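The structure follows.
Letters are used for the chains, namely A, B, C and D, taken in the order the chains are written, and counting of residues starts over at 1 for each.
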Amino acid sequence: MDLKDWFDKRKKRRDDEKGKAPQPIEPSDDICALWTNCFQCRELLYTRDLRVNLHVCPKCQYHFRIGAIERIDQLADEDTFEESDANLTSSDPLKFSDTDNYPNRQREASRKSGLTEAIVTGTCKIKTYDAALGIMDFGHFGGSMGSVVGEKVTRITERAQRDKLPLIIVSSSGGARMQEGIFSLMQLAKTSSALKSFQDAGGLYISILAEPTFGGVTASFAMLGDIIIAEPGARIGFAGRRVIEQTIRQKLPADFQTAEYLLKHGQVDMVVERAKLADQLAKLIAFHKLPEKKTAVTTPDAVPARPKQPTKVS
Amino acid sequence: MDLKDWFDKRKKRRDDEKGKAPQPIEPSDDICALWTNCFQCRELLYTRDLRVNLHVCPKCQYHFRIGAIERIDQLADEDTFEESDANLTSSDPLKFSDTDNYPNRQREASRKSGLTEAIVTGTCKIKTYDAALGIMDFGHFGGSMGSVVGEKVTRITERAQRDKLPLIIVSSSGGARMQEGIFSLMQLAKTSSALKSFQDAGGLYISILAEPTFGGVTASFAMLGDIIIAEPGARIGFAGRRVIEQTIRQKLPADFQTAEYLLKHGQVDMVVERAKLADQLAKLIAFHKLPEKKTAVTTPDAVPARPKQPTKVS
Amino acid sequence: MKQVPLEFEQPLAVLAQQIEAIKKQLASNPELDKDVQRLQEQYNNLEKSLYANLRPIDHREIARHQQRPYARDYFERWDSEWIEMHGDRKGADDPAMVCGMVNLGDYHVLGIGTQKGRSLREKQQCNFGMPQPEGYRKALRLFHHAEKFNMPVVTLIDTPGAYPGMHAEEHNQAEAIAVNLFELSGLTVPVVAVVTGEGGSGGALAIGLANRILMLEHSVYSVISPEGCASILWRSADKVSEACEAMKMTAREILELGVVDDVIEEPLGGAHHDFDLVAKKAKETICKHLDQLTKLSREEIRRDRQQKFRNIGAFVEA
Amino acid sequence: MKQVPLEFEQPLAVLAQQIEAIKKQLASNPELDKDVQRLQEQYNNLEKSLYANLRPIDHREIARHQQRPYARDYFERWDSEWIEMHGDRKGADDPAMVCGMVNLGDYHVLGIGTQKGRSLREKQQCNFGMPQPEGYRKALRLFHHAEKFNMPVVTLIDTPGAYPGMHAEEHNQAEAIAVNLFELSGLTVPVVAVVTGEGGSGGALAIGLANRILMLEHSVYSVISPEGCASILWRSADKVSEACEAMKMTAREILELGVVDDVIEEPLGGAHHDFDLVAKKAKETICKHLDQLTKLSREEIRRDRQQKFRNIGAFVEA
């Protein structure tokens, strides 16, 4: 399903439902199941409640992975997201094939995720503030970065620079897209280089690290934020835990590479729970909009506190 | 004795001695004694031999502390050193007095060192390369930094910037000049600020750390070199060893805060023995003189290898 | 919060106890009211005279009072929604250096301050307010953030000095301080530093190379701790008071020496008697100076700071 | 130096032994000379045919040959008086990252290279050529040095990748790499990178974001180690050769993909057969590219590099 169609359908549904009492939703192909076990506390959760709670376990605050669309829905003001570069898709420059070939794996990834690539980019408003947005989706091909992810990150960065927008990227990635070989690696250079121009021009870049963020994505745009925010419990690192354990032949601490561990080790500015993320972003954007005159200050308090309804997807 | 007089006398003496066989020198008030015990290997050394060997123990390579004049003599090409700001002397802004008052202590320091302050600055040639030079002398007031040291470092930095000279400062200091209170502390800011302008303008600053360099001097200009060189065995740090041992209540490793320890811990670019220091400086200056055209390269090889006679002082 | 009296305040504490004791009997013995009034008058006079004649070491005791407001206390009062920023991005987040985005009046400032810690646990985490190199490098990161986004930097200084430890030396404490001085001197945004308690040596200056240096009335600022000074110069730990006096470390003295630009008054008895008032006064004074500084161009702001320190020094040019 | 044969070179080694054995009998048995000649011819033909038909995994074995020249071998040959620069100034000097001032032909360049280590002890110190974050930060310091003094940067890449360890993660290996990419992309001095052996993933790229990327003939460059690729995609450690093939990691393949700018020929059998020759060829090729780059203005040099990477990628725009 095309992303634009999806948003249109969703908008229509929301319009239809206005004023109606909430309806129990039926399990369908689109959503997984009626009940979900919390990964952390094992509590059995009613999937709809979990969704209403932004996919955060109400009992132990475990932050479930969420897809790009869900995330956009949580961060962007209603109906403000406009996707860019949806027309970019991977090619197969190496004619890569392992036990299956790359084009087949791409199709399979899209079937599972409903996306064309591991990142969705565009512009939106966040609590009334204009922003450029990039949201990775681990559910698509393990959030791996190939040429399309690199190109889309680069383009949204250039867009942010041109239109003087704050840039917000939510990372979630297992690392490189091996099937694109050296092209995949070079996306680290390409995205970092684009961010250098953007930041030299004074742009504000807020990087958000979501469960999980590893490899090439961490070693490029994810770690280059003016401000870096991690989601609670998210695992973030360069090398994977197993690789390290094999190398050093030693058990690692349980909280190794968690958001909280990174905070303690000075690698992220703050850990922000999902429910407060949009508000925090608005505050940060507001703070970095400098008053030219003393009197022209826009303080975060000036942001209308608009309660946001979690989207019901069916 | 005035520094200029000293240099004149020395020059005269050197001229007189040309062609004569080396004479045994008599012990006098000016020099300590005929024999010196090596601080490190306890070997009994003939003082004159030690002097000829640049005050480096021929047996264990221990680098003895040397005074500013000795050092200038070792680094600067013969008769090229021109002192600047010799007319700056300390005042007593706090009317400071402990068991004795500050002016008396200043006089005492000058009597011992033969200098007016803990640093001598000026310009010279080093293996034919023009340079601005600052040489601290631990023998004067423990090499402590008061207003005069701060001012002289600042002025020689400004001079280097104005005349586009490489700046070379040899540090040797116990820290702040307590008797000048807050003025002493502010010299850290003043010298660092001058170096910022100098380095922003593209100036080359080579910082040399000699036994011992501690406290405010380390925490300002000594650690701000584009290139940092330490003399073998020199002890260098911010806090003194005893203060640290009292704080952490634990013995420190024997080589703690030595030049070699700092090299291992990434704090200095290189450790260079005294006999090779002038040559190394010339090579570094040459390397940083960039050829505008490919053909205009001045390589260190082009430096005439002029053997340098150690000065005999009596 | 019950105030903990300092040693030189003991006579006051005794009087206060007496007043309390008599007050308890007031209900059954109303004529004691006069005694209370008399004692209260005595108390007020004594307090005024004590505070009118503070020795340097007394200022220092007030500056180090365990209940003194720390950086977080100011940031919270200036902006209840201030956002803390953590870490040097390279391995550590030093709790002794607190950094964040603070709305200070009409200004968006980067607030950076040393933090001593209130509870024993916090004190230990903060090394009693003595930052590690990583703390200074965290501050450095925020200096650059401020420069990039054209935000004033406001630093709050209350530290015995940089931490003197093995880890600190191994990680080049001296370089961390020196580089901060170097980079601070190059900023083109206004920097205002406030010594709120102890300003201890290079570890204080590392966040203190500012366009304006302000001091709270009872705060102190010195090149070495009075203990260190006494033990080196007098070779005696008993001479701390003399060292305090000789070094001219109080706010008023340093103001007179021309190094400090403004002194912020504290309530009688010291800042810990009224956090809100002190935070308000500090804010007003900082904003007053920011108002002046923001009239300058960015290049002028840098030159103003460089010139300030270029001129500090006392020497004779024959 | 006696060459240690690789596995695919075993037939050659056997022939060489036979030739040696017969040669020993030559004195007593002169007519064996013809056999020697015949065998030598066989040897030469076999060698040529082996090297004309190398599989990707064979290139990789040559690239990882224990006798392959490392960064120090090049620097020493380019400039016998090159001056090494140590340390990140913040606590560590990573021996896996070698930096220094090198006279390269007519250029004064900052040479920066990964170092695998020759002896076991050196190998361990260098973590077998896998830098720690501190190593990348040492390189970063030198990038800035080069920028300040307008010197070209020449990097030599031979690393399995950044070290995957607990210390490395705690000290933000990812940030160290990312910041190097960020800062390298902004330099206004020429940057030339040479993959001399293994170019392993982000840990290689961290000193490889260059105006020109050169590769030695038998060197390899890949986004993940073939072992990693095989175990993830084929779920089998036996498929390393397939992974090598699928990833297109050899110099010629990457040249064809347009990512690499030039391939530097090696002597028959690989670079370890003639250090001097390889150092000379590398120098000539680097200088050729520096000659081109130094014709540009500093701003053009930056744009050249940014544009190079802006254009790398393979995708469909519908």
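Keep in mind that, in the parts below, a contact is a pair of C-beta atoms (placed from the backbone, for glycine too) under 8 Å apart; a residue touches a chain by one contact, two chains touch by 3 or more.
Only a predicted model underlies this, so the values are computations on that prediction, with no experimental measurement involved.
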Hopping along touching chains only, can you work out the least number of steps from chain C to chain D?
1
What chains, if any, are shared contacts of chain B and chain D?
C
When contacts are scored as defined above, which chain pair ends up with more C-beta pairs, B-C or A-C?
B-C
Of all chains, the one whose CA centroid lies most distant from that of chain C is D
Take the average of all CA coordinates in chain A, do the same for chain B, and state the distance between these two points in whole angstrom.
56
Please tell me the distance, in whole Å, between the geometric centres of chain A and chain D computed from their C-alpha atoms.
36
The distance between the C-alpha centres of chain A and chain C, rounded to whole Å, is 42
Two or more other chains are touched by the chain B residues 199, 223, 265-267
Among all residues of chain D, those touching at least two other chains are 89-91, 170-172, 175
Listing every touching pair of chains gives A-C, A-D, B-C, B-D, C-D
Of chain C, residues touching chain D in the complex:
89-91, 133, 137, 170-172, 175-176
Which chain C residues qualify as touching chain B in the complex?
162-166, 168-175, 177-179, 181-183, 185-186, 201-202, 205-206, 208-209, 221-224, 229, 232-234, 239, 242-243, 246-249, 254, 257, 259, 305-306, 309-310, 312-318
Chain B partner contacts - residues on chain D that touch it in the complex:
81, 83-94, 101, 103, 106-108, 134, 138, 145, 148-151, 291, 294
Contact footprint of chain C on chain B as seen in their complex:
87-91, 93-94, 96-99, 146-148, 150-151, 154, 175-176, 178, 180-190, 192-197, 199-200, 215-216, 218-224, 237-240, 243-244, 247-248, 250, 252, 256-257, 265-267
Inside the complex, what are the residues of chain B that reach chain D?
199, 202, 204, 223, 226-228, 263-270, 280, 283-284, 287-288, 290-291, 294-295, 297, 299-300
